[in-house]
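Look for subunit A in each of the two complexes below; its partner is subunit B in the first and subunit C in the second.
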Partner chain A sequence: MGSSRITFYVLLLTLVLAGLWTGPASAQGPTPTDDEVNRIAKQLYCPVCESTPLDVCPTEACRQWRDVIRTMLAEGKSEAEIKQHFVEQYGVRVLNEPPNRLVSYLVPAVAILLGAFMLFRGFQMWMKPSITESRSEDAKPEAQPAQDPYIAKLEEELKKRK
Partner chain B sequence: MTESTISAPRRGVPIWAQIIIWVFLVGLLAIVAVGLSRAQQGTVQPGQTIDNFTLPLFSGYELDGKSEVNFVDLRGKVVVINFWASWCKPCEQEAAELQAAWEEYQPTGQVVFLGVDYVDTEPEARVYLKKFGITYANGPDLATRISQYFRIKGVPETYFVDKNGVLQYVQVGPFRSIDQIRAQIDPLLK
Partner chain C sequence: MIANFGFGVLVISFLVTLYSVFAAIYGERRKIPAMVESARRAMLLTWPLLTLTAGVLIYLLVNNHFEVQFVYEVTSRSMPTYLKVTAWWGGQAGSLLFWSWLMSAFASLVTLRKWDRDREFLPWVIVVACVTMAFFIGMNVFFENPFAQLYQTFDGVAPHTFQPADGVLFTPQDGRGLNPLLRHPGMVIHPPMLYLGFVSFVIPYAFAMAALITGRTDDRWIRLTRRWTLWAWLFLSFGLVLGGRWAYDVLGWGGYWGWDPVEIAAFMPWLTGTAFLHSVMIQEKRGMLKQWNMILVILTYDLVIFGTFLTRSGVLSSVHAFAQSAIGPLFFGFIGLTLITSVILLFHRWSSLRSETQMTSMLSREALFLLNNLLFMSILVVCFWGVMFPLISELFTGQKVTVGPPFYERATSPLFAALLLLMGIAPLSAWGQSTVKTLGRAIWKPIVGAIVVTVVLFTTYTRNPGALVGFFLIALVILVTIYEYWRGANARQRSQDENIFTAFWNLTGRNRRRYGGYIIHLSMMFMAVGILGIEIFQVETQGTLEINQQMSVGGYDVVYQDIAQFPGPDGREVTRAVLGVYKGGEYLGELNPRIDYYYDAQQTMTIPGQRSTLRDDLYILLVDWEPVAATGATFKIFVNPLVNWLWLGSLLFLVGVVIAAWPEKDAERAAVRSKARIQQQTSAAD
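For the complex of A and B:
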């Protein structure tokens, strides 16, 4: 009875110590899955291949970079920290979205609006003069012969000859 | 009556708007032109003085005990700058030759070899350096600043800079023999 109690306490102590021992290791979390790695990898581009996202890039270099993401995730690093690490190492071109979104989206939008405004004003300038000129040209054949004394006299002479 | 309709005042784009539009268009053209010219320039050319750059070094691969190199501090020495990467197979072809050349010139104290590790991961880079027994100063090209300055087209590429900081020769692709390396360094030591 006494020896079984001692055995129980020894076992309990062992379990507690084992728990303490594995405590720090469990803080790093389990090995990240491929999906977790690819979730970040798809937001990054291979620095040496043309326009190839890191999650689908088949080269040896890309495999190494995916391993870096896996290692950093296992160390408990956040997505932002991992992306920042890649920017520091390989430059901002590895990001699939520009870091300063406001400027990156605002400049093209302003450029498009400016272009649309230019086209609009251009069309306006083309249309207005052509309407006024065509109106004035239409009026010419009716108004001028009646008012021109020379033409009136010519028509009168022609009538006399008939 | 006809004249009055034609000579009606035309209200065009205001002058300030025209100026903005032209400045914008000229700026856009300038950006495109600079981009195109840079794309066609190739690497930096021999005869150009190399500006200062800083290369942080891997621990164990320091230069004279310093953990980073400022290029201007190397004036007075011939500098061999080699761009490489652990994932680069052609780099492996020249690794032994570069190390042999370094061992040959190191005692003179007049030549410095710098390995610039291009878009690589440090663990793999260390495996590579250990595999080929490389001992000269090596470090990562952080944010690809150095390779962008040299406008490298790939790895390996090696740049030979004379004692005055002027680029004298560019080797695109791997060296086939140590004689090729000697042929570039020896004239710069005279």
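For the complex of A and C:
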């Protein structure tokens, strides 16, 4: 009875040690799930299938790319490393955004700010009574289509709210 | 023979449009009304001529005339007849002809209107419409002939317009077949709608140019084209929505909008068109922004051509493909020419387009509309830059980059949110004068309501800050719109002794533009709910299942039951899975995602299995299945919350635009009728 207990503990210790020993070898971890693969694949485009992200592209080539991602994830590679691998192989066009974000955002941001500035200046100019003439009632461009008197009333109400 | 006949009629159509241009200019310059009338009739003739051309092409498509290159490229014997007809716009040459045909229909409709009061516009409207038409027909005649036939020569088989000396007509046994992505009912309606939107925006531009050329720069051209613009906007909007629905059903990536350059090409004229629709109201009501309206209509027209150029020139694949394309540089030249001509005309009339009145308040409705224009133009800038950046990068650095959804979503989200806020505020500001106080008094109740809605959603549905901001804005716009309806109907009810429903009906009937516009705002909010739902709350998972194994996502349990492979009706092999769907243990039904393999095109299509409710869409894709191993099948499952509000909103949108575009009772005619009635009564009394 005593010897069988000793045998059990020896076996347990052997298993634990074996587990520790094989630990580094299995640093690859379990096979990554499809969701883990897709999380990275979603951010990549293959050069052939334009406008179709890698995670949903049905072609054989894209399927192989996803397998590469799975293998690299299993090897313990990070998301950044995997993306860099594809960039080195196929160029920056595989990324779903230009690598230099500053340039890609700067131009529209400057254009929009310029537009906002011009609009603000426009407001200032329009609101200077000396520059523009007040428009008299007779100068209305053309007869408006028949307007419901209640609409006119509503418009008046909006003006008179105090 | 038949193909040659079709090409002959096409050439005649081209000559007729050219004649129309020259006759209109000559008649106007020499003051010969008969010549202008002749130009008008020539323009009227283009539609029957192009209908005949299209009829010939459809005959060739339906009857498997594979000796015609276009027919060979877009059809096959196994395709059903309706798809052979719609294959007309399934390829480059056919789609250009389709563009011209629609344009001729719109041009004919314009010429049929009464021109008594606007005779001076007529020759220039003819010139602009026919120059545009001649450009597109010319593309077909000289570069993309849909009737070119395949001839076997010593150098091999190649398409030729005329039979080469050593050539023998070559008829392949079968065609390549239409791209499977286009074999969908959505494709029957989506391109025509989009093209209708494109071509109908040519009409307001033609009138704007006529106004600039003639110097009649009051708002007459805007009044004449208001309804055209609304219909154009309807077609373009619906084309975009149908495109989204098609992508959702056919492309198999769980979404409806991928910020693809082709989508953006159609979205850009929509942005300027929408800004224009708002901006013209300021000109009509306040006599302001005449120059800006001209800029918007010119931009819209050139973006329409630019959109067609982007999709037809090969420029999106690469700048090199563009340089090699026969039509790319011509499109580019045409855009440049029309833009420069329009800008020169605009500067020529710049001073006569000055505002007749001044802006009195930065919170007035016109000021807020102007802000709305700035936001639309900002989104345009983002879209334009996103489309052009890869080309610019390739041109200057030799490095091609991809500008995908993250860029657009990050850059446009705050702009769309600001637009929603404006949609909530602007209807409650007054024309001419509004202050913080007056606006605050008008809006505080809807704001309180929107806060209550947001708090309820916070406690019951989501704690996502982005979603809560979005829902607050949506609630605000909906409440403001309802409040506006209630104020109007209540005013009528009190004064006319009508019940609330009659008051509501009469109010809308008598102010179609205003209340149609409000319905459009409501529809946009429905769409916004759908967009917010899928963008923020979409969940997905993917996994390989064996028979009777299950996968769970977003509260749904999906059990893989069976899979079968069988030949489809039109030359495809269908692999169809059967999945049982459960929620909380309750059986909801089965879904059948499938993969279709088209033998003629040697291409697969992934068709989702969908279960749609107003709460969410369960969307399942069959990603992979190996018949040899047959150990299991891989499925990708999406749960897309609220997405069906997007499609529901688009139907309401249709109702709103029809109401807004429906002709108002003509004030002048009504006045004349009432005067006549009084006279009649007076004479009867005498």
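We take it that the second predicted complex is superposed on the first by the 93 of 162 C-alpha atoms of A that agree within 3 Å, B and C clash if a C-alpha of one lies under 4 Å from a C-alpha of the other, contacts with A are read in each partner's own complex, and residues count from 1 in each chain.
As a working rule, a residue touches a chain if its C-beta (ideal position, glycine included) is under 8 Å from a C-beta of that chain, and two chains touch if they have at least 3 such contacts.
Note that the structure is predicted; figures quoted are calculated from it, not measured.
J.: In the overlaid three-chain picture, which partner chain does A:34 touch, first (subunit B) or second (subunit C), both, or neither?
T.: Second partner only, subunit C.
J.: Just checking: does A:126 make contact with subunit B only, subunit C only, both, or neither of them? Give me first, second, both or neither.
T.: second
J.: Who does A:111 touch here: subunit B (first), subunit C (second), both, or neither?
T.: Touch status of A:111: both partners.
J.: Which holds for A:52: it touches subunit B only (first), subunit C only (second), both, or neither?
T.: After superposition on chain A, A:52 lies in contact with subunit C alone.
J.: Touching A:96 in the superposition: subunit B (first), subunit C (second), both, neither?
T.: Touch status of A:96: second partner only.
J.: State whether A:87 touches subunit B only (first), subunit C only (second), both chains, or neither.
T.: So A:87 only meets subunit B here.
J.: Which holds for A:67: it touches subunit B only (first), subunit C only (second), both, or neither?
T.: Touch status of A:67: first partner only.
J.: In this superposition, which partner touches a larger number of subunit A residues, subunit B or subunit C?
T.: C
J.: Return the residues of subunit A at which the contacts from subunit B and from subunit C coincide.
T.: In subunit A, positions 91-93, 111, 128-129, 132-133, 135, 139-140, 143 sit in both the subunit B and subunit C interfaces.
J.: Can you check the complex and tell me which residues of subunit C touch subunit A?
T.: Touching subunit A from subunit C are residues 218-220, 223, 251-254, 258, 260-262, 283-284, 286-288, 316-317, 355-360, 362, 367, 370-371, 374, 377-378, 381-382, 385, 389-390, 393, 399-407, 410-411, 428-434, 437-438, 441-442, 487-488, 491-492, 495, 507, 510-511, 514, 540-544, 595, 604, 606, 621, 623-624, 634, 636, 664-668, 670.
J.: Can you name the residues of subunit A that touch subunit C in the complex?
T.: 33-35, 38, 45, 50-53, 56, 58, 63, 91-99, 104-105, 107-108, 111-112, 115-116, 119, 122-123, 126-129, 131-135, 139-148, 150-151, 153-155, 157-162
J.: Of all residues in subunit A, which touch subunit B in the complex?
T.: 47-48, 59-61, 64-65, 67-68, 87-93, 111, 114, 118, 121, 125, 128-129, 132-133, 135-136, 139-140, 143
J.: Across the complex, what residues on subunit B touch subunit A?
T.: 1-2, 5-6, 8, 10, 12-13, 20-21, 24, 85-87, 119-121, 124, 140, 142-145, 148
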